[in-house]
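One structure coming up, written as structure tokens, with questions to follow.
Read from first to last, the chains carry the letters A, B and C; within each, the first residue is number 1.
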Amino acid sequence: MEYTWDFKVILDSFPLLLRGLVVTIELWILAFAIGLSLGFAVSLARVSSRGWLNGPAIGYVELFRNTPVLVQLIWFYYAFPIVLGAQLSPFTAAALSLTLNTSAYCAEIFRGGIVSIARGQWEGAKAIGMTRAMTMRRVILPQVLKRMLPAFTNRGIELAKVTSLASLLAVNELMYQGRLLSSTYYRPLEILTVVALVYFVLIYPGSYLSARLERRLAARD
Amino acid sequence: MQYQWDFAAVWHHIDMLIVGLIGTVELALVSIVLGVIVGFVVALMRLSHRRALRTPATAFVEFYRNTPPIVHFFWFFYALPIVIGLSFEPFTAAVLALSTQSGAFYAEVFRGGIVSIERGQWEGAKALGMNYRAVLRRVILPQALRRMVAPFVDRSFELTKTTALASSLAYAELLYQAMQVNSITYRPMEVYTTIAIMYFIVLFAASNLMRLVEYRLSRVG
Amino acid sequence: MSDTVIRIRNLHKRFGDLHVVKGVDLEVKRGERIAIIGASGSGKSTILRCLNFMEMPSDGTIELDGKMLGTEGRANDGGAARTYSESELCEVRTRVGMVFQQFNLFPHMTVLENVMEGLITVKRTPKEAARSRATEQLAKVGLQDKLHAYPGKLSGGQQQRVAIARALAMDPEVLLFDEPTSSLDPELVGEVLRVIHALAEEGRTMLLVTHELGFAYHFADRVVFIADGIVYETGTADDVLKHPQKERTQAFLARFTERAF
């Protein structure tokens, strides 16, 4: 390989990449926190026996799961403002899109967890006089969260990776900074390799913990 | 709503969108086939007794699992050409990125299927005098393949959605074509909603079809 | 054909730092029925599993029909562990069959296919001959009505009987049983023991690792008591089970006071 690696450019670009990383993390926290809560609400609609709740919930979930995330991002940035009548900033559009996307996936995880809890749990709680809300809060949800923890952490990992697509909306997160720097310095090899490594360092701990968690939970069964 | 919907403008350019749809399908199919080959090789390496084979394979899988796909697309299109002195067509770079990516995930599916077969099956077969290849061929693989079908289908589904990222390399798949139509008609709402619906129909139909096939397969034996 | 079918000399087995089998000598005569008993962790199953090389011996030699198996390995720290080629092991296993505690039937094949599998794939028996032999063995264990059922649909006792038929179909010189009834519900144990007893009448060479001491008493010509990885006491069923000489053997048997021999 005749190519000479330019390590100086890596050092020079670090501050900007770090700033991008901060935006990535901001986007992730926002989308995950709200997406998780919203997902729970949607899952309740999903397990409801009332058709007018259940139907739209299914539609919502299937819509976000059967279209590419990038298409969703593009739609919320370019198409949605037209209906809204106002332009969204790239970050807002991305945050909105990713939040809803995350909520759809989380809804499915919650739903899977809820239906997997044996009927006997509901009956046991009912028998001592708990309301549905109480049962959900004190008996069902704690078990669901524990059981579905691996699925939730996987979702977190997926979300971390997907934030990189916000770069295509010109959100100045890590990938965007990477591309900007690549073309500024004409050194895509070094920059993109470093970007890949930063993502790896960011995400790998999550994967590792998730795998250990899965094994711990599997062993307990 | 004051907005005047005008789908006719989109319909006028439907041929461009069809071209995009074909581009998506081509990219997906080629990448799935190549990905299976990559996955097969990597899985064998992961299962090998020799660490010299196992370690690079594990690194390969972990790298692809913990970094965002868009980084791979850009890396293959902008960075790799610098190293090897060749330039890639968008399609080629996209195929390289998608097939190595899916290869890593397929490798986990293949390995997971085989590893999930309990030790007793190996012993029962060996006790009859079968050699390693016979055990794999007659006892392990028939059972493992059945278990691999569902996760394989899931992964291929994800791959198909990821083809949308090739739009960032100016490859003429569906999203890119939509962007072209939008730049002609200036109707992002109609254009992007249309392709969202197109993606949805194709993916939803495909996933339901696959679920049917899985169900039929699980009933045999 | 000589009288001794298996001879084990100075068998050792280590799992990492754990020394499980610590020098076992055993001679098995043709047609002999040996019951191997001992506490959990004593090494009795490991010894059995070395005989068909489910476990590879760390040291010592095994002779089958007078021929010492394996080739001399590189001497490492004084130990002379022999090396065994895959083809030799496969050949040995067609002559020394095993029935497992967990049955290990193939769930993707029917009962009949399970029993035929070894004949077709390993012994290259033509399909029709394999089919008739398999049917014969299944009739022998009383499962002629279940030929086309899948193992998942059978009870534990039935599955184990299929496993026995599968091992028998190979016509082995020696049959090894590794705690064949330990995984079964109590009411299913009897049907399996009856089948094993019927085999005993045929004069087959059999080694049985078991906790069923009452059965061992009626079944065995010789009983071997294993403790701490060595042969602690050996003798006829009467000797070991009714009049144990050594303290450890007595202590072990005392735990089974309810057992009426």
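To be clear about the criterion, contacts are C-beta pairs under 8 Å (C-beta built on N, C-alpha and C of every residue); 3 or more make two chains touch, one makes a residue touch a chain.
None of these values were measured; they are calculated from a predicted model.
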Closest chain to global C-alpha mean, per-chain Cα centroids:
B
Specify the chain most distant from chain B by Cα centroid.
C
Chain A to chain B: how many Å between their CA centres?
20
Between the Cα centroids of chain A and chain C the separation in whole angstrom comes to 54
Separation of mean Cα positions, chain C and chain B [Å, integer]:
48
For chain B, what residues touch not just one other chain but two or more?
none
For the complex, give me every residue of chain A touching chain B.
1, 3, 62-63, 66-72, 74-75, 78-79, 82-83, 85, 157, 160-165, 167-168, 175, 178-179, 182, 188-189, 192-193, 195-196, 199-200, 203-204, 207
Which part of chain B faces chain A closely enough to touch in the complex?
1-3, 62-63, 65-72, 74-75, 78-80, 82-83, 161-165, 167-168, 175, 179, 182, 188-189, 191-193, 195-196, 199-200, 203-204, 207
Residue positions on chain C within touch of chain B in the complex are 52, 54, 86-87, 90-94, 97-98, 100, 102-108, 117-118, 121-123, 150, 163, 166-167, 170
Please output the residues of chain B touching chain C within their complex, sorted ascending.
120-121, 123-132, 134, 138-139, 142-143, 146, 221
